[in-house]
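Structures incoming, each one as structure tokens.
Common to both upcoming complexes is chain A, partnered first by chain B, then by chain C.
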Partner chain A sequence: MTRLKIVLIFIAAVLTTLGAIPLYRHRHYQVPVVAGPAVTRVEKLSRFAPGLKGTMADTDVFVLEGARPGGKALLLANTHANEPAGLLTAVLMIENAVVEQGTLYVIPEFNASAGRNTKPGDGYPLYFDIPTEWGPKRFRMGNRDASPLEQWPDPDVYIHFPEKQLLSFLDVRNTNRTWPGRADGPLMENVTFAAMELLRSEKVDVAIDMHGAETMFPVTNCIVAPLKSSKIATLVSMNVKAMEGFDNHVEPSPANFHGLSHREIGDFSDTLPFLLEAPIPFLDQPTGPKTVDLLLDGKDPFLLSLSRAKKLFVPYDESGWPMDKRVGQHCSVSLEILRQFTKKNPEKGIVLSGVPRYAELVKNGVGRYFHDPAKADPKSVHFE
Partner chain B sequence: MKKFLLAVLAAAAIAALPASPAAQTAIPKSGLPVLTTSAGQSNDANTVNAVLEEADIKYDYCDVPTVEMLAAGVGLAGKTSAAGFHVEVTTDLVKYPKGTPYKTVILAIGASLKGMGASGLTTDSEEARVKKLIDACKKAKIFVIGVHAGGDAARGPAGSDNERMIDAVAPFADFLVITKDSDKDGRFTKIAAKTKAPLIKVDFALGMVEIMKKVF
Partner chain C sequence: MSVIMIVYYLLSIYLTVVLAGNFIREKKNVNDLILTLLVLIPLILRILRVK
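Then we have the complex of A and B:
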């Protein structure tokens, strides 16, 4: 009997170890990012909230500065690390953007812990590869929430600070529910608090938080904006529709739903917030297996049936909703937000060049714009 | 002979080209000051305001103006924004001092349950409010422009919230400006044919900027 127990414990230990190894590798896998011509420095988010220092939740802030002074913008990606079009857009901006005027802060892995987490119950792939001219560039596929390894245990109910709104227990690890955060709260509140401190202390004019949303969710393929940002958002929506041929409607930020970036950034700072949602079929529930192909091309036969039954909130056909299209939307909408802001505030202009727009990304693919870290100056290569 | 035939063919080809919407319908003129508002509380009121800003036309805006506020003219009786109630006064107060009667009201047609809920309205109460406002415009001889910029997404089956807002505004508008995809079923065309109101269709909402420049 004792021998049987030992054998069973041994088998359990072997299985646990075999299962843990890929998760450990995923958690520690580093994605190289080549700092482009506009990057003048790379800081840590913990500069704005020292409590983050030394934790896996601390993350890089790339600062891209222009020759001419102007306004400032912050670009956030991987707030939800299972919506990776934002991450690819952020890396593309870091590696290619030329800032003509103003300053651009880019945080490619805003929820750095979630970017090293996964959702095994949903069978998420751990990685995905983007084809480039110099070979595949590998990214980690993360999860919506931070890892319990960073923040544990979860409460029964998350009580939002400071509004005391009752939210799901999981939202305590969701950096799009913990805004505006606090220095002495749970770690993810510390992350959002650091970003708020960045926005306030650096007097940032515009914040863009890039997300993805299910095709069956009404708040998808849109810009979510509070009243103070709504005119610029509307102009952006009108312009991308007329000039670039894609829809991106405006959704008002609900005044009484707390913890979201598009609500709290506007309420707790002078910054104009915008949250971008690009459709991501991978996140819809009634799909086939959660494969890398589904993540990248967004093609799914079940969603196609639902589209025919008019159950989706976006047009959907055999072409799916590919990653290049999603990144193209994020690039064009972000550039258009900055253009419209600059038009209204020329003295605080934020002018970028060198970033492709929607049509170019759909035609060329996002991989075309990633630089080979092996051929770059090692000093310019950062690991995320 | 060849040249003559080519000229005839070219002339026939040009004649066969569809005329631009602006060429089909004369754009009516109206005056300032102008009040913008919503019929259905969708984001399309923001679209109208953004269009006017792009056209460099100053306006007053209220999402839920009362008949009394309309009658109070420019400045909207000094009301200020509060939860579920938004007021914006950008009218040139030197040219049009507070209290100047509005010459034009633009209603952005499009229903949003979320938007109506935020203003404490139901589809029934919004419909009744819009009807009262239009009645007051007619009595005061204010030019009413109905705008539908939401396209297909802001349409629905007969009797739906969006269609009820169209019913509340379009048959009473002096001028209708819509995006082409708002009229896939020809509903606005039929209404305009019946009321004889000029109807302009643009490809995209951005196209309304040039139209508004010509109206004011």
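Then we have the complex of A and C:
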């Protein structure tokens, strides 16, 4: 029996180690980001909430400043780290944007812990590669919620602060349910509190939170905006349709559903919030295997059948819904939000150049705009 | 790390010790040995802060 026990322990140890190594590597894998011409400094989010310091939830804030003073905007990506079009858009902006007027804050890994988490039960890939002219650029595929390694245990029910609304237990680790947050709450409330402090102390005018949503979910392919942002959102929606030929309708931010960035940023600061949703077929439930191909090209035969049966909320055909298209939508809609805000507030303008729009991204692919970290000045390379 | 999180790690270590004791004491049932090891895997991964 003792010999059998030793054999069983050995087998269990081997299987555990084989499973643990890829998870450990994924959690500690660093994505290089080359700071572009407009990046003047890189700060830590913990500057605005010291409780984050030294935790995996602390994250980089890239500050891109223009020569002319103007307004300020914050771009958030990876609030949900399994919706990576936002992350690619943020990295593209950091590496390429030139700020003519105003200041742009970019947080590429807003939920940094979720970006190092995965969902083995759903068969998520650990990484995905974006082809570039200098080889594949590898990104971590994250999860919707922060890792329990940062915040554990979950409560039976998450009681939102300060509205006391009862939310799913999982939402205590979801940084799009913990707004506006608090300094002495769970760690993810600390993350959103730090962002609120950034918005309030730096007097940020516009906040854009980039997401992805299932094609079977009604709130997809849209801009979610509260009443105070709805005029700009409507103009943006009409302009991208007329000028660039893609749909992005406006969804009103529900007044009684709490914890979401588009609700609480508007209610607890002077900032105009916008949440962008680009369709991501990978997240739909009735698809084939959750492969990297599905993540990048969005092609799935089951969704195609559902589209023919008119069960989807977006147009869907054999071309799928590729990543380049999703990043293109985020880029164009973000640039258009800033343009419309600048038109209404010229003294607080936020003017960017050097960022490709929808048609260029669909034509060239997002990888065309990533810079080779091996050839960049080492001081300009940051690891996310 | 919050106090409640430290308590949960201590609980995990306690359960790991109890299960390891059960594994050592088990003399006949191979199924129980395998099941005990399977239950131990997520506890060990959490204690080692891997998953």
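Criterion: the second predicted complex is superposed on the first by the 384 of 384 C-alpha atoms of A that agree within 3 Å, B and C clash if a C-alpha of one lies under 4 Å from a C-alpha of the other, contacts with A are read in each partner's own complex, and residues count from 1 in each chain.
One rule holds for everything that comes next: a residue touches a chain if its C-beta (ideal position, glycine included) is under 8 Å from a C-beta of that chain, and two chains touch if they have at least 3 such contacts.
Keep in mind the model is a prediction, meaning the values are calculated, not measured.
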First (chain B), second (chain C), both or neither touched by A:F302: neither
Partner chain(s) touched by A:F169 [first = chain B, second = chain C, both, neither]: neither
Which superposed partner A:L8 touches (first chain B, second chain C, both, neither): second
Partner chain in contact with A:W134 - chain B first, chain C second, else both or neither: neither
For the chain C and chain A complex, residues of the former touching the latter: 2, 4-5, 8, 23-24, 27-28, 30, 33-34, 37-38, 40-41, 44-46, 48-51
Chain B residues touching chain A - in the complex, by the definition given at the top: 43, 46-47, 49-51, 53-54, 83, 86, 114-115, 118, 153, 203-207
Touching residues on chain A, where the partner in the complex is chain C: 1, 4-5, 8-9, 12, 15-16, 19-20, 23-24, 27, 148-149, 151-153, 186
Touch list for chain A against partner chain B, complex: 227, 230-231, 233-235, 238-239, 241-243, 249-252, 254-255
